[in-house]
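The structures come next, written out as structure tokens.
Each of the two complexes below includes chain A, the first together with chain B, the second together with chain C.
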Partner chain A sequence: MRRGVREFVTVALPLLAALALAPLVYSNELLLFNFIMFLILAQGLNAIYGFTGYLPFGYVGFFGAGAYGFALAVMHLDATPLPAMACAGVAALALGVVLTPLLRLSGAYFAIANLAAAQAVYQVISNPALQDITKGPYGVTLSSVFAPALSYGVALIILAATLILVAWLRNARFGLALQAIREDPVSAAMAGVAVVRGRTIAWLLSALIAGLAGGVFAWHISVFYPETAFDLSFSIFAIVFTLFGGAATQLGPILGVLLLYGLYNVIGITVPQYFQLIYGVLIVLLVLFLPDGLASLVTRRGFRVP
Partner chain B sequence: MLAHAILSGLVFGCYFTLVGLGLNLIFGVMRIVNLAHGDVVMLGAFAAFWLFALIGLHPLISSVIVLAAFALLGLPVYYLVVPRLLAARDSEMLSIILFFGVQQIIEALATIAFGTSERSIPGRVLGRGPLHVLGQTLPVAWIVSAAVSLLAVALVYLYLYRSRVGTLTRAVMVSRDEALASGIDVHRVSALAFAIGVALAGLAGVFSPFMLGSATPAMGGDVNLAAFAVIVIGSLGDPRGTMLGGLIYGVALMLMQTYMSAWANLLPNLLLIAVLLVRPTGLLGRQVRRA
Partner chain C sequence: MLRRIVVCLLAIACVAGARGAWAQQSRPADERLGGCFDGYLDKAQTAQATAPQPGEPAAPAEIRIGHLHASSGPYASISMPVYLGLKLWVEQMNAGGGVMVKPFGRKLPLRLISYDDQSNPGTAATLTNQLITQDKIDLLIADSGSVLTAVSVPIAREHKMFLFDPTGTGAAFFSKDNPYIALLADPVSTVWPRFLWEFLKSDVAAAGLTRVAILYSTNDFTGTQAAAIRAALKAPGSPVQIVFDQGVPTSTSNYAVLIDNIAAAKPDVVLELGYVGNDIAFLRNLQESGTKFPMVFTLYPGIETSTLLKNAGQAGLSGVFSYVTALAYSYPPEVGMTLEQFRDSWEKSYAKSGVEFGWNAIAGYVTGLVLGQTLACTNSLAQLDVRKAVFSLSGKLKTLIGTFELNEQGAQIGELTPIGQIAPEGKDGIHFTVVYPPAMANGKPIFGTK
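The block that comes next holds the complex of A and B.
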């Protein structure tokens, strides 16, 4: 456990400090916020994919559920931002509970079913028939709670909590049990690991993280459409960032976000097709030649990556 | 109205069988998920469109050209990507991510080459006037597309169950390791199956302007979801199941569009999840649960 604290202090604290001070010297706060959001999403996905091996292709479903949980609480209950954030978490957790039976599926079946579930939630929320409740495809406006500085701070707190969670998972008994389940569920069960409970907890934790990310996203940008909140690229980006850096490490997803999302902002905004092309080639090369991510370059030589 | 919905559902079901068939063959033989399937369908649609717009080629003739060309295109892709992928630790999972990358490449290149505007081929090219079937009227283009789809399904069935390579292919489907141990050239068999799968996707693309509406470079994602729903309902890996899945999907889609059109786009997702949860092996399937 002491190692977990050390990993958190050496990797996560400098990052958090840099992100907290960055708005003082860099004026594009939205960009910094997006970095934080993708750091949260990549680490949340890391908690389920890295430690249990389930690839949630529809991870964005939780993000969108969180965003709409926040928006609905503000619009219909006149909630202030912090209770609305709680609603965001609850919405994502509820979706996570509903989708828990999907964990019975393995491999590609789980990924596809999860993708379909996220699409289904999107289609329900954006359906014009529900315009009175969700505003359907026309998007929501939450200008009454708009508070960029405060929401930036809350996003940082969520990121810190997520990083603590990953540092804990890497070093605690529970995280080791999860990795044992990932490698071989039958042997893990025989060794006395509660397989179903372990998976379910990891699943709900990562759903909660994505929901909170979605809630704080809704709060920070305050005007959005269902196709923004349920954009499949959130899932894809989170997966690729995590994979690129190295799943089941704390540093890997951070490196993935900083390098790849940085690259996206340099070329992706102006010429999206060319970024898409580079991105596709990068993914193919990554899977073929470096399936365990950048971290494996170091771990292969016998060093431990925090 | 009910009779019309069911009949057109069956016609669309035949076409959706074709849409799922290639994806299913590749998954069945190699246990990899070709997430770029929908984008190959898109390329088939654009091939048919340009062959028609530039030299006025009839789609039925284009379909033969597309079949051959896409099969030839599939072979090098197989040898470049798949053997390396199958050697990896968790190839099923990694294949999803890898073919997502391929999908991005295809979509980006298609957007750069063709732009984002919608392209379509007029339905009258496949035959004029509506056709009367069992007291209902259906466009001729639908019937022709369904007939071609049925022909393709029959040919794939003959290939798998009446030819020597087909027997070897089914052996690889059942157990890759045992097939390897009994001296089957697994890579040749898989490469053939991959090429056929890609060619079938191209063929489905040729008829997509008549069945799914106009073609755009971004259509791949929706096609994918439909194809996944079809093969999961039927059961992954089994070509007979694909037919069943396609027909169920087609009829359900038409019933939804007739009676609850606002919610029709929810259908593939809900069917997929429901089938996976109630009977994760598909309607004609084998074991997929773990632990």
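The block that comes next holds the complex of A and C.
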């Protein structure tokens, strides 16, 4: 565990400090917020994919559930932001519990079923018949709690908690058990690992992280539509960033987000007409030559990546 | 060690929290708002009257206009025409030496900084922030449509940047506590269908057509229009009865079953409110089904006429009722080009761009006209002065889409579109007959042709 603390201090703490201080020198705070949000999502995805091998294409479902959990708490319970954030987490956890049977599937079947589940949640939320509850397809306005700087700070705390969790998973007995499940669930079960319980806990932790990210996103952006909160690009980006950097590490998803989301913004601002081409080529190259992500460049040579 | 980590995290959170508290406290009180419109002033006269006094800030080298557009994704079809219409206005102004900017007493060139958000609201939010905080723009224009505009509304407000909203008609954007927005080129969705419900309750009901079916796409634009129509038709004393009322996802592309369901309710009037793709699919399915209704109204034949004609065909559109925009109804402009002049300019510049000329192209151009008039009468580029200048145009500025008029929240309540009916013209063409309101009508409705 001492190694986990060391990894957190060397990798996560400088990142957190840099992100806390960045708004003082760079005024596009929303861009910085998006970096934090994708760091949280990538690490949340890492918790389930990196450690158990389950790749949830519909990860955005938890994110959207969190966003709407936050919004409903504000709209109907007049909750202040912090209790509303708790509701965001609870909403995502509840959805995670409902979708737990999906863990009986694996591989592409799980990925597709999860994507379908996220779409189902989106359709329910955006159903005009629920307009009185969710505002249906007409979007929510949370201007009463709009506080971008404060929500930025809370996002940072969520990121810190997520990084601590991943550092723990990397080094704790439970994380090692999850990795054993990922490699061979039958052997892991025979060795005494509680496969179902382990997967379920990782799944719910991952859902909770995405829900909190969704909640803080709703708080920060304050006006959004269902298609914004359930935008599939959240899932795609989180997956690509995690794969690019290297799953099951703390540093990999961080590198993925910093490099790829940074590149995304540079391209989007300077040469948007080439965006899809450049991004597409990068992903093809990644799949062909670095299927285990950037981290594999180092691990191949026998070094440990935090 | 763990204790040290916790202390570090708390310190980080405190830094971020303190910034939030400081930002909240440092908000200045809003200034009193008033009017400043002086009509379409002679530029030399304006320059003389408003020449900067000694000690006043020097004129900038250019006026920086920040804008977002979507070149791809679901909103590209409404966003690109607005962008190109605005770009055309900027190019024309710059070709003439720029626009008159009253605080500096002379013409200044314009620089349009328009980022591509690819129809992604998250990207639109980041790029809005980029325009304000990094590009230091003087004027901010939102992307088209409510979904992409929505994310820019709180950001503009947070940065106290006035948001020129071309076509984001969502009623929720406009509130008394947000002085940093105005809708320029589309009437707000709650007001836009006014002539339609008046027509249904008067002329249509008088013709014995009182059973109305409403089929709408569940998005902010058409959903709000449907709600406004529903409320008006259900008002006490209304002669009209709603016999079918259903929302469908905006992604709906097959209306065959829905048309059967509507027919089962035996309506006299069918109102189909959707985006371009919805209207095309509905009209095609209606034609293929052979089902007839005495009156059919859809939104987009009058808004994006070329696209609808190309995809639904002359036969598909004949007899249909729709809004009649400036594409088919001439409003004599007091500012800017006439429709014919604008269409010619568009064809010269963008004939090969693949972007169809339509209402949204006009909306982009009108956005430019409002910007130009605002700069001609604002006292400074301070954003509340900009707002004051925009509001001073209300009720006075007449462009090729009619009279620009804002309510006190910044929602557009002028530029209402009359109701018209489509008739075939020549081999492949169509023309609109305006049937309501009576003051604008140039013909009578013919029911039972669809």
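Worth pointing out:
Keep in mind that, in the parts below, the second predicted complex is superposed on the first by the 301 of 306 C-alpha atoms of A that agree within 3 Å, B and C clash if a C-alpha of one lies under 4 Å from a C-alpha of the other, contacts with A are read in each partner's own complex, and residues count from 1 in each chain.
What we mean here is this: contacts are C-beta pairs under 8 Å (C-beta built on N, C-alpha and C of every residue); 3 or more make two chains touch, one makes a residue touch a chain.
In this text the structure is predicted, and so the values were computed from the model without any measurement.
Because the two structures share chain A, they can be overlaid on it, and in that overlay chain B and chain C fit beside each other without clashing. Once the two complexes are laid over each other on the shared chain, residue contacts for A:L156 go to chain C alone; chain B is not touched.
In the superposition on chain A, contact is made by A:P291 with chain B only, not with chain C. In the superposed model, A:L55 makes contact with chain B only, not with chain C.
Looking at the shared chain after the overlay, A:L243 reaches chain B, while chain C stays out of its contact range. Within the superposed three-chain model, A:P137 lies in touch with chain C and out of touch with chain B [touch as defined at top]. Rounded to the nearest 10, the angle at the Cα centre of chain A between the centres of chain B and chain C is 70 degrees. In the overlay built on the shared chain, the residue A:P128 is in contact with chain B and with chain C.
Of the two partner chains, neither chain B nor chain C is touched by A:Y68. Of the two partner chains placed around the shared chain by superposition, neither chain B nor chain C is touched by A:Y261. Between chain B and chain C, the minimal CA-CA distance in the chain A superposition rounds to 5 Å.
According to the touch criterion, the shared surface of chain A, contacted by chain B in one complex and chain C in the other, consists of residues 123, 127-128, 273, 276. Chain A makes touch with chain C in their complex at residues 2, 5, 8-9, 13, 16-17, 20-21, 23-24, 27-31, 34, 123, 126-128, 136-139, 141, 143, 146-150, 152-154, 156-157, 160, 164, 221-225, 227-228, 231, 233-234, 265, 268-269, 272-273, 275-276. Taken in their complex, chain A has these residues touching chain B: 53, 55, 57, 101-102, 104-109, 111-113, 115-117, 119-120, 123-124, 127-129, 185-186, 189, 195, 232, 236, 239-240, 243, 273-274, 276-277, 279-284, 286-288, 291. Every residue of chain B that touches chain A in the complex is listed here, in rising order: 27, 33, 81, 84-85, 88-90, 92-98, 100-109, 111-112, 221, 225, 228-229, 232, 236, 262-263, 265-266, 268-270, 272-273, 276-277, 280, 288-291. Here chain C touches chain A in the complex through residues 1-2, 5, 8-9, 12-13, 15-17, 19-24, 71-72, 115-116, 118, 120-123, 125-130, 133-134, 146-147, 150-151, 153-155, 158, 170, 172-173, 175, 177-178, 218-220, 223-224, 247, 249-250, going by the rule given at the top.
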